[in-house]
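Dropping a structure here in structure tokens format, bear with me for questions.
We call the chains A, B and C, going by the order they appear; numbering starts again at 1 in every chain.
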């Protein structure tokens, strides 16, 4: 009972603090923008802990955050090995190959209007497919190692990236393209100096979407066959052994890795597309 | 004609590549089997053999279409062996998940636009939520559901589906609700409009194009979510279950026909949303 | 208004009395509906449960469904599980108790391609072996530990793959050996076109590392409830009746199982063959757990060397209380 009460109290107090910060004159400052969501996250963890202890939930069903943290600390090596296998070898390599391939295909397709009109509808169709269903087939083709996971990621990120890049390449106005012609700029100069920079906001949109797809794709692909390490494997086999704290530790690693990845791409976006209206502060 | 011809050309090229791939990938097994029975394979015999394998690495297009035909037209719609039956199960969960995702996404979006504290605290976590591998949580959701007495497998599937689709809808709605220019918002103030009136007469209509755009992404994500929800939960019905079963026990060609059925379903759903978008926006005078 | 309420209450009362005809009991299977669980489906179809006054719901399992977790979450009253997984769960804090053991023998084996040159377990080092996980890896890990072959990728060890539940890794050459059950995957390999002469098999029974497989488990604290205990007694009695009927009528049992298959994926040929093989595993058991078999399983699990499945001798992990009353 005490646990439940203190959990409720903490939540109320944290909410009050957050409301105060949000309404104050500091709300636009960087420290406030980090503090408020951080406190929100901490509140969720505290309430979770209080609920598990207060309601006496079995650790086999839902472990408390303190147990997960303990497991996280003690299993560092296993978590790191899994992370390298899935996130670095599987997701990252697939991401790089997939995005590069999509980017190059978009540029190739850009030259021939015929190809673009044919490829884009097909691309839209394929992008809507449940690509995860392809995972068992790719495991059969590429084996159990990280190659098949990278292959799944390539297929998953290729089409959203392709669609975004092609849309971006069409972003320039007729006036801007005419201006380049008056400068006697050829196709490649126009591409490099006008159309590609103009396409960058869309390209980065595609890159950001692809970061989440990449990690999820690599983890799901492991469900269909993997060596005995890797995040998807660990989640599945530890769930079978009822070690739910390990499962949640892996989930925490996945969330952390995904967020860092997304944040890195967003940072690069800030640097490259500093001129775009979306980079100004929110209304 | 102008846009149909290129699409047909691309599809024809894909099918040609597919047949070539089938020949290349299935050849190894065909040769091994021939060696086992001590026979030699001529080129024509090899081609024929690779196009008709039962456990082909890459089934030829005609094999997949034949299996698709067999599982849909040749079976009673209510039979457990019918793809239509399984497709309906998946569709139900997808629609419920989509509805839930729209409610949550739109609700959160309104909260985020109107409340500073929600904007600052929830938005970053919504982004982080998409990095959590939902497949890992799926079995737990099922256990929690049966704890609180819900035995229907539809509910956890819909929850996972909603989890994957609420985010695009949330992002789209936030963008859409913030789309009206300052001049238009000021105009509403000069009319002495209350917050509620301003919402229903300005913000909401302005957000509809964005809502439909993200709804298209959202419904595809909802379908993926349902299928992903069926995979780790050992589901018995639905297209994801068919993919799982095809991988584990049945002939592998079932994976392909289930995937094709899923793609057709995805395309149909996105097209339906597109149709609703066209009709609604036209009637509102916002045709794009 | 009063009259309406009174008659409604009376109607509900009558309905309630009628519905008490069968007491509800939920059984969670270890895997999907197949002849491996024929005894229970036969008991359901032939009305053995109904005769005992039970209304049994059979929940099929599948990949990623841990019967122990379902039991912990209250999704089932009785589960089918293999003993190593149940003992490991018990050590983790989930108090499972074995109440019956219909399967006397183990059906697990390692199937290798003859062209890999493997002739005996001594040839394993350096090869790639496929193993299921999710509770099925314990017998394999114990065996490798006893042979002194490391599985973590170090020198002189084997490379372990987490195989799915199909036999493609063997067919496509991605693994030199895969784990198979005598009643299921082995026949999938044969069906795919590989002749028995091209395969080398190692049965866990022959290697002396067999552990007990399908058994019935419940949570310990529920056994102290006499009403529940009575339900279990009737359940075990009807289930064993179902098993013995299935052993004597394998083909009909296979057809009954097919009736209940929700996925529509099982075939008659496969199920009839499976039932024939399962009958070999259940023969010789009337449902009572043989303490000698139990001890053998525990010893194998404890001898796991550096990574034992269980670290100490389990206590109170099984009971004869139910089978004594059910089978006397």
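Methods note: contacts are C-beta pairs under 8 Å (C-beta built on N, C-alpha and C of every residue); 3 or more make two chains touch, one makes a residue touch a chain.
Nothing here was measured: the structure is a model prediction, and the numbers come from that model.
*Asks:* Using CA atoms only, can you tell me which chain is the most central one in this structure?
*Replies:* Nearest to the common C-alpha centre lies chain B.
*Asks:* Please identify the chain with the largest separation between its CA centroid and the CA centroid of chain A.
*Replies:* Ranked by distance of C-alpha centres from chain A, the top chain is C.
*Asks:* For chain A versus chain B, what separation do you get between their C-alpha means, in angstrom?
*Replies:* It comes to 18 Å between the two C-alpha centres.
*Asks:* How big is the gap, in whole Å, between where the Cα atoms of chain B centre and where those of chain C centre?
*Replies:* 35
*Asks:* State, to the nearest whole Å, the distance from the C-alpha centre of chain A to the C-alpha centre of chain C.
*Replies:* From the centre of chain A to the centre of chain C is 39 Å.
*Asks:* Where does chain B touch two or more other chains at once, residue-wise?
*Replies:* Residue numbers touching two or more other chains: 57, 139, 143-144, 147, 231-232, 246-247, 252.
*Asks:* Indicate the residues of chain A shared as contacts by at least two other chains.
*Replies:* 61, 136, 140, 223-224, 236, 239
*Asks:* For chain C, give me the residues that contact two or more of the other chains.
*Replies:* Residues 64, 66, 69, 72-73, 164, 168, 172.
*Asks:* Spell out the part of chain A that touches chain C in their complex, as residue ranges.
*Replies:* Chain A residues touching chain C: 58-61, 136, 139-140, 143-144, 223-228, 233, 236-237, 239-243.
*Asks:* Which residues of chain A touch chain B in the complex?
*Replies:* Answer in residue numbers: 15, 18-19, 21-23, 27, 32-33, 36-37, 39-41, 61-62, 114-119, 121-122, 125-134, 136-137, 140-141, 212, 215-216, 219-220, 223-224, 231-232, 235-236, 239, 244, 247, 250-251, 254-255, 257-259, 261-262, 282-283.
*Asks:* How about chain B: which of its residues touch chain C in the complex?
*Replies:* Residue positions touching the partner: 29, 33, 36, 54-55, 57, 79-82, 138-139, 143-144, 146-147, 151, 231-237, 241-242, 244-250, 252, 254.
*Asks:* What does chain B use to touch chain A in their complex?
*Replies:* 2-3, 5-11, 14, 25, 57-58, 116-117, 119-125, 127-128, 130-137, 139-140, 143-144, 147, 178, 182, 220, 223-224, 227-228, 231-232, 239-240, 243, 246-247, 252, 255-256, 258-259, 262-263, 266-267, 270
*Asks:* Of all residues in chain C, which touch chain B in the complex?
*Replies:* 32, 60-66, 69-70, 72-75, 164-166, 168, 171-172, 188, 192-195, 198, 261-266
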